[in-house]
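The structure is given below, and queries will be raised subsequently.
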Amino acid sequence: MTRWWIRPLVRLVAALLLPVAVPAILTLLIWALPGDPASIICPPETCGGSAGLAERWHLDDGPMGFFRHWAAGALHGDFGRSWRMLQGVEVGELLAEAVPTTLVLLALAGVPVGLGVVGAVTGRLPAKADPLFHVLGLMPSIVLGLAAAALVQLEFGAGAFDGSARWARLVGGALVLAFSDGALAGAVTGTRGLFSAEARQRYVGIAVLRGETVLSNTLPNVAPALVGQLRARVLHLLSGAVIVEALLEINGLGDLLWGGTIWQDFGVVLAAATAFAVLSAALLVVQAVAEVLVALHVRRAPAVGAE
Amino acid sequence: MSAPLVVLQDLTIRAPGRLLVEGVEVVVEPGRVTALVGPSGSGKSLTARALMGVLDVAPGLERGSLRYPALDPSKDWYDGVRGGGPRAQARLLEATRALRGAYLSYSPQAASSALNPGRTVGQQVALAVGRRASPPASLGAEVTRLLRAVGLDPRTAAALPGELSGGQCQRAALAIAVAPAPRLVIADEPETGLDPVLRRAVTELLVEVVQSHGAGLLLISHHHDTVSRIAGAVVRLRPPAGAPEEL
Amino acid sequence: MALRNALRSAGVTALALAGTGATLSYHEVSLPTTLNPLFAATMSDYRSQELVFDRLWFHDAVTNELKTRIVEKWELAEGGKAIKVTLKSGLKWHDGKSMSAKDLCFTVRAMLDKGTPSPIAEGYRGVLEGCEVQGGNSALIRFTRVFHNPRERLGFAILPEGAFQSTAITPDLDFSAHPVGSGPFKGSRGRRGVVFDAFANVHHQPGIAQLQLSEGNDPLIQVKTIINNGVQGIIAVPPTLRPDVSASDEVALKSYDLRSWWFIAVNTNKGFLADKRVRQALNLMLDRSKLRELAIGVKPGEQNSPCEFISGPFVQSSAYYNRAIPVVERSDRARSDKLLTDAGLAKQGGSWTWKGQSINLKIGMLAPLNTEAPDLLSLIGNQLGEGGFKRVENKISEDEWNRQILTGQAGDYDLLVGKWSFGLVEDVNDQFHSRGGKNGKVNIFNYANPSVDTVLQEYDRARTDTAAQDAYHRLHATLADDLPYLFLWKLDTKSAWRTGVRNNIIAPYHYFTEIDGWRYDK
Amino acid sequence: MSGAGRRFSRWPSGLLAAAGFGALLVFAAFAPEFLPDPDPSRAWQGPGEMPPFGADDRGRSLWVYATQGASILAWPALLAGFVVALLAVFGGVVRATGAARLDGWVQGMGEVVGALPRMVVVLVVALIVPADSRSLYPLAVTWALLAAPGAMDEAAAVAERLGGSRFVEALRAHGYSAARIFLLHIVGYNLRPVVVRQAAEVSMQVVFLELALSYLALAGDRPSLTHADSVMSWAGLLSQGYTWLVIDMESGHALALGLGLIALVTGASLAVSHAARAR
């Protein structure tokens, strides 16, 4: 307990590192690929002479120069334009649509997961239900996703993306995210495990003899582990969003990344991957802050000495 | 002569296939020390818990009555609990919650593992003080007073149980037990895990602190010397299975 | 099951609703990669751009005669090395500004500008020399030399000067997604589709208010969708699914001749494949009838099949096709084995080896071809396998194809299955001329054959159609013998449109050239 | 997951696991190297007409899908499981030895690696693998490396519950050799359940990953990211089955087979974890 601040600190450092490291590594990859970067980013057949591109995109200054320019632009919200996936469209514009969409998707997926966690903490959700969640959780997202896609297609038609069709895709995707690949099951059993283990501690029984409640004693003590688990869950959902969005054609970050990858549109991939890194970093920060708050709460003591 | 703090009669608790305690009678008068003695397994802790309205064995309470005459001479808290099984016992637990840590409080044995490791000692004492009917003018000052009373440096208020020695924990637990200014303190083998010198100190401190608060004390112990030295009344438990009684 | 059916019936109505409103929605196999005519790479690009832009000259979809919608009058100048063009007056761009000769010359200058990284522009750099405005609506366009068909060389789309900062036009401008044209529709590319809104003009009065283009992947589902009126059109219906469409009274198949032909390019620079006899052997090893039957679904001896075999780089209906050269339909294992043995290959344990090394053919195919001819790659692979060749099979994405294959960086591939579609000009110089300078720009395996180059130059120099045809007939003969490609077939392309869509004349290649006349009553 | 399982014998689940993975490897072993020619006249035939599993839309036996799909998956999935197991053991042992500095580094690295959304990294790796040498191996190993921090954490926690280095000291006092302590007592007796479960889960995830990537490639009519195009992934079964879902093509049996194979993998992975837990 003496150096309680180390873990949060490590997390904060990691959080600072991620959004820089991810695009930096990607940049190196562009140069690691065979062929010259310009023609990798836009094949000569569509972009003709790549010398012009190299200059436009600062590809001729080597990886460092390119990354400097890119990062400088990114800091001002200028991610350049899409070369291949959606030629001419500002990548920033794509992000502006994708990030909120993915956040909504995660939020929707977070509802059942959150309810599961709360249910497990308060004991409202009987442990008897766990096997059911487990069976559901064994389903890979691709299978549930296909079912959801089929429903959307049957209900709204293949080409429908706006209005209620958009929401149907979002809600469908969220449910797939929440239930497949053990997301909900993991959250529920994980939380339950944490609390039941803590509730078995002797001090809890004694606290009851003092007329205190179990939760008021266990909650602060499991909070750090709980926050850690929740972060892992959200990260899991975030990663799952790639497949689900691509499958259900939801205009989110995951789909953007998928599109960027198959079109080898590095501008888009860079931006999307960085956005993912930022979201993940934000989660790290949240966890670190939560840990600090808990530590401070634990250390709280009435001002003594005055009599 | 004022009313007894607690009157427990004919306490009979059954676990699957065997009796745990049978026909136990306990009366604790205010201002005096009552000792609950008996060999291990004779149900001392069980009786103490039953006396606080905490019954957590199935099928559980078979016979008996529990009264807190100083509060309400007529009310038998076991009404509707006898033979009621876990559900009725859970109801009793809820019903008596307000009393625990207020009217009567509990000082555990092996306190180092009995204190919440995630809360400073000061915070735990403060929480207990907070359960008084009339809160003190200055919480900080009251915590300091209590810590001093049990012979702890007020600075230990900022310490977590893990950072204290066994003896310090025992003292802290005692402070927590008396903090709500209870009418009755139930001390469960407070000497356990302490060396003879410390053991004596702690029990004497216990009696002194409790009596200075004008409360009654139910002391659970299997140390004859302690009991004979401080107890005004002794309740002997013998294992219902008829195991040979100590003493 | 019951739920599924209930949903399906609900789905059908939902699909039906999607088709209502004053819009015509249709599926392409893939969305256009850009709406900027300078960077068109796929057929879907060309089709979409035809809705948004006017080309200076185009071929009539029915009579195939050369036509224009925006030229008032024209005359050759400077002894045929230049052409004076006068544009019609009152032509408007989609942003309301009026079109003038300045825009025409801007387009020419943009294409000549080296800062415009456009392969299409590069093609014109060999043809055009410059352009000067002569009065408000007239411009003088100069050619690099005298052409026998000068106006046919002017099939480019006109771009608005006002929409660009400079003549150096790059593909990443917003123009690629939200172009300003003078065509019948104002186009806007979204993440999931393209919307084209009718734009009335002096030279365009489109009869349809809006077109909605969306991507339709599984062709089977596309066909079911159009039958349910989920969309009103499908651009490409694979031969195997055409019977399903014909079976419906509400949907009609519409033929549009892309003049596209399929081939297997052979890596003539790689070891044993450099030997002509090996290529001939491979040519004889293929059972084209079986390939066609299993991949396209053409029964042996079927009349007016959508798929005709070819023996050279033209479709049989073309004037350039040399009918004297027979096609190879069936395989002739005995002859092919003999040719291979003569070329120094030896069979060990049932598979061919060369100089003691076992041969492992690396075969690639342009992935989207699989929609038109399912399993073609594995069918070809299996036939070569039966012939005694080990092999690896890879599909190649359109992007990868453009990036690696067409730029002559096909690397260690041995055989590549692909397709060419001709535009206005049936010109195969880029495919077969040895690479260098402006020549052989899409020469896949960098095939180099002096006698072929000579013939191609003759075609280039030809001043009359007959001279050009004569050159290409000889080219056909040479290629059929030297076999840098194993020529497969011409596969005609069919669209499906709801019968409610009337007067929908479809132009070869650019498809929507006659869209003004289309009508749709629900 | 907990106590309940311990009462069972290891054998039934062990056999089930062996059967599951055995089937997978047998399928893989029987996989034809190339797709056979289609026979359109037999399209959509049911298992009755074309045993054992029926035919696809081109009249090709679904047996080919099952076997070729397995040949794509089996070894990469097992490799991924092995990598995770190895790293988890490492994590556990490091904690047990009480090598604080190394442990610190391991945790720090885990923090960073664990914070990367897995699919994002996998896609980026897929992006740089040359198109003509596609295979599931690089993606599987990447996935394993990304999953490792979690596994190492859990293993370390187990070692910690044992009492970390004190546990080792205690056993030393009993005169056990270091090898015996680490291999048998720490890894064999205590880490086994966690390590095996993590490995099994990751293997299963790799299978699902392949299905997802192949399906998306198939749906977009693009070359696969995970295998050569002369073989068919199980994703082919799902996309065939999808047409049954949306347009009622007679391809229900394809979907059933696809789901069956997924169930096989899931069951095997569960059984392995259970066997490792059982006494």
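So that you can tell them apart, the chains are marked A, B, C and D in the order they are listed, and the count of residues begins at 1 in each.
The working rule: contacts are C-beta pairs under 8 Å (C-beta built on N, C-alpha and C of every residue); 3 or more make two chains touch, one makes a residue touch a chain.
Everything numeric in this text was worked out from a predicted model, so none of it was measured.
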Please list the single chain whose C-alpha centre lies closest to the global protein C-alpha centre. A
Among the chains, which has its CA centre at the largest distance from chain A's? B
Chain B and chain D have mean C-alpha positions lying a whole-number Å distance apart equal to 55
How many Å are there between the centre of chain A and the centre of chain D, using C-alpha atoms for each centre? 23
Whole-angstrom distance, CA centroid of chain A to CA centroid of chain B, is 50
Cα centroid separation between chain A and chain C, in whole Å? 42
Specify, in ascending order, the residues of chain C that touch 2 or more different other chains. 8, 11, 221, 397
Where in chain D do residues touch two or more of the other chains? 220, 222, 242, 245-246
Any chance you could list the residues of chain B touching two or more other chains? none
Per the touch rule above, enumerate the chain pairs that touch, sorted by label. A-B, A-C, A-D, C-D
Sort out for me which residues of chain D touch chain C in the complex. 34-38, 40, 57-58, 131-132, 134, 219-224, 228-230, 239, 242-243, 245-249
Which chain B residues qualify as touching chain A in the complex? 49, 52, 54, 93, 97-102, 105-106, 108, 113-123, 125-128, 131, 138-141, 143-145, 147, 154-155, 157-158, 160, 162-163, 176
Along chain A, where are the residues that touch chain D in the complex? 10-11, 14-15, 17-18, 21-22, 26, 29, 32-34, 138, 140-143, 146-147, 149-150, 153-154, 181, 189, 193, 232, 235, 238-243, 246-247, 254, 257-258, 261-262, 264, 269, 272-273, 276-277, 279-281, 283-284
Chain A contacts chain C in the complex at 35, 39-40, 42-50, 52-53, 56, 80-84, 86-90, 94, 97, 151, 153-161, 249, 251, 262-264
Listed in rising order, chain C residues that touch chain A in their complex are 7-8, 10-11, 14-15, 17-18, 25, 27, 33-34, 36, 39, 41, 114-119, 121-122, 168, 170-178, 189, 191-193, 212, 214, 216, 221, 225, 230-231, 397, 399, 402-404, 406-407, 409
